[in-house]
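Both complexes below contain subunit A, partnered by subunit B and then by subunit C.
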Partner chain A sequence: DLPALPVPGDTSVLAGVYGPAEAKLSKELPDRAALEVLLRPKVGLPGVLERSREQLLRQTCEAVVLGVLHPRTAITLVLQVLSDAGSLLSCCLNAACIGLLDAGLPLSSLFCGVTCALDPDGTIILDPTTRQEQEARAVLSFAIDSSERKVLMASTKGSCSIEEMQQCLAAAQRAADTIFQFYRDSVRRRYSKS
Partner chain B sequence: MAAERGAAAEACVGQVVLPGDLLLLPAQYDEDAEGERLRLSAGAAPVGRLLCGPGLRRCAAGLLVTKCGLLRHRPAGGGAYWVDSQQKRYVPVKGDHVIGIVTAKAGDVFKLDVGGSEPASLSYLAFEGATKRNRPNVQVGDLIYGQFLVANKDMEPEMVCIDSSGKSSGMGIIGQDGFLFKVSLGLIRKLLSPKCEIIQELSQLYPFELVLGMNGRIWVKAKTIQQTLIIVNILEASEYMTAEQRKQALAKFSGN
Partner chain C sequence: KENCRPDGRELGEFRATTVNIGNIFFSLGSITTADGSALVKLGNTTVICGVKAELAAPAADSANKGYIVPNVELPSLCSERFRSGPPGEEAQAASQFIADVIENSQMIVKEDLCIANGKLAWVLYCDIICLDYDGNLLDASVFALLAALKNVQLSSVTINEETGLSEVNLKQKTPLIIRKHPVATSFAIFDDTLLIVDPTAEEEDLATGTVTIVTDEEGRLCSVHKPGGSPLTGAKLQDCITRAITRHKEVKKLIDKVIKSITPK
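Moving on to the complex of A and B:
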């Protein structure tokens, strides 16, 4: 039950995790925890884009959270976008992971989000800004897990060839190492105080 | 691209571990079958069962870490590994002593809020000296200190206020007045450790009654409301204060 706040660049998302708490009868699952993700944009009401992002986040988190340890409970993850300067989906993924980690929910591994943008001339840009995303030919977001750098989620906007996608994936897996090191350092700092 | 899988468990004791880390155990724990054979042939004494505590799960290759925190090890009795993590949400565990708030009386059973995902049930016969004629005087909103008889992920948790011999040993309804507040689970474990200086230092300040629940709830009662509130604030702040800061804060109050 704790909010967590990571800030890559100028995009920032506040994550709050609540649970395992009592689930409504209509939503409870008999053998695992029911995970719900709510994404609130900075301005306006949540629309279809937020709903589709919530589904992507929910499926990624369900792959990692050990829900079988808490059957018939509900875990709620609330993400509030504080500022958006590009790479929002991967920022939400990172915030979600740190939130789950902070709340003490049992996880089988960590995950991180990396966004790649493909320039019209084929250069790969990692963690693009909003302007770079708009000018790019394709924007790919990956969720990478920490144990074997496998892909948990891939979301693409635009068109690219299979080779280009493989190259973006390789670049994302390399970038994931930096993010996991950041997680480790933050946790180390937190536990060094006690 | 594959990172090295697994570090030796002993090497990581006292360090921060993250979910997804794999801890490798020394070979002696894995060879259960060989251990049997050794026992029969009067060879080296068998190592005994390794206990896998909170935050760890047994998997084929070793122990998988599921929560972030500091890895701890206790060599006694076959050895135990667990992860010391900071959490605020309580998950009921059998045998834990907790403070519950009565939310409903349903016939012969009280429903208690213990801070978990489900309300716990407490039978009116689970008090010392309670019979069908002699019912305990429990109202909605009362505080109860009891322990879990049944607490697993599949069933509704059940509490009792007597131990296995029928004595209450400090459990039961918590009296009137006093102040109930919630702290993180890590602080409770720190306060319950054998040589806790915080409680010793506080008891030199004012006399007070204290009940610690493993679900993060603390009940304090001192002579006056002001003393109670001072103790509450010091306990809440002691999670983040170092020992020197705490001694300074206490010195300020004992000077008054």
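Moving on to the complex of A and C:
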């Protein structure tokens, strides 16, 4: 129904949001909408990694979507990876949020995804490329919400010290401002034409 | 009663893992057919991990690395919420989480598993099976995995120069080299005000989010796993991390005590 396509660098993910539609009896929840996320990789069949990412995305969206307004319905979010040049998880998060926005679903707040890589000498790199991610000793992805810049989702790869994590989190929260501005501009552009 | 949970615990209290040696009940070496095994009970949550070591040729692009293949199973016998059939999302996400913990913490360096560069390496199949699901699966699984790996004895393998075949000597065994000891601590979040440690299944169902922090003995963070759910401030996250570090010390002491008590052979 409604595709959305944010592009940090050369990573691009297409998001399609369908719903709220009638849910299958086995999947329907009596008091809220049932959210389902399907992540399709560029090449190959979805595997365990995609499943774990789907779980992260689904629970992040569930925290934000006001599902209680649409009980016994199903909302499906399909994400197709078109190209991957690093920071894939945050690209998926951004695509998901814009998709939900575009679909007009009631949300309690917006969220954005930011990935930070810690390279071997401790510098923080935001939105790393695939090469930077491989060389980094830790890659941290956060989903930051728009109302109070709190952490909605956190996922880390590699190990880091606690201070480094806090620094990355602070950097991500600052970067979130730029991304939310981008959301605003995109939505304004889309609706000002029509 | 304020600040008290249905089973009488405080918010920051872990479940008494049946007393065998300390707080957590676990036994090592229960499965005789596996190369290493451990059974962990965290309250009612029971998880068993069996490690089998087999031989294989290393991959072409990483000729000096072995493999570690974790697999978490949530059979229908552990809880009525799981149906029999292909692994559901929770089992797959847990398997991915365990694989990430092994990789992030570098608890086993894959190069240590190599026997002959490009020809032969060990593959460790780690099967983690939940026997009784009462919440906090990730903590119990990581613990079971760590204990089982500490229990693993690898036979010595040599490659016969003339025939080029491998010869396994079952009598000569060396323990697996474990470099780091990651410990997971899970919290359940309720509407971004309340944080409780070690949730039971009932508490998990009612919670609005969960966080799992994995730390190693140097106080480094191996994983911060917060799959969505209610938002948390940075300060609250820091509280979780501090609690996780304390927990790590308790668990490490326990593991060391048990290992010491079974080692004299």
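The working rule: the second predicted complex is superposed on the first by the 194 of 194 C-alpha atoms of A that agree within 3 Å, B and C clash if a C-alpha of one lies under 4 Å from a C-alpha of the other, contacts with A are read in each partner's own complex, and residues count from 1 in each chain.
Here is the rule we go by: contacts are C-beta pairs under 8 Å (C-beta built on N, C-alpha and C of every residue); 3 or more make two chains touch, one makes a residue touch a chain.
Keep in mind the model is a prediction, meaning the values are calculated, not measured.
In the superposition on chain A, A:83 makes contact with neither subunit B nor subunit C. In the superposed model, A:183 lies in contact with subunit B only, and not with subunit C. In the superposition on chain A, A:21 makes contact with subunit B only, not with subunit C. When the two complexes are overlaid on their common chain A, residue A:155 makes contact with subunit C while staying clear of subunit B. Of the two partner chains, subunit B and subunit C are each touched by A:145.
Contact with neither subunit B nor subunit C is seen for A:134 once the two complexes are overlaid on the shared chain. Common to the subunit B and subunit C contact sets on subunit A are residues 109, 145, 148, 170, 173.
Those residues of subunit B that touch subunit A in the complex are listed here as 1-3, 5, 16, 18-20, 22, 55, 57, 64, 66-70, 85-89, 91, 116-118, 153-154, 186, 240. Contacts from subunit A toward subunit C in the complex involve residues 48-49, 51-52, 54-63, 109, 140, 143, 145, 148, 150-162, 165-166, 169-170, 173.
Within the complex formed with subunit B, the subunit A residues making contact are 1-2, 19-23, 66, 69-74, 101, 103-110, 145-149, 170, 173, 180, 183-184, 187-188, 190-191, 193-194.
Only residues 89-90, 92-93, 95-97, 99-100, 103-106, 192, 208-209, 211, 216, 219-234, 237-238, 241 of subunit C touch subunit A when the two sit together in their complex.
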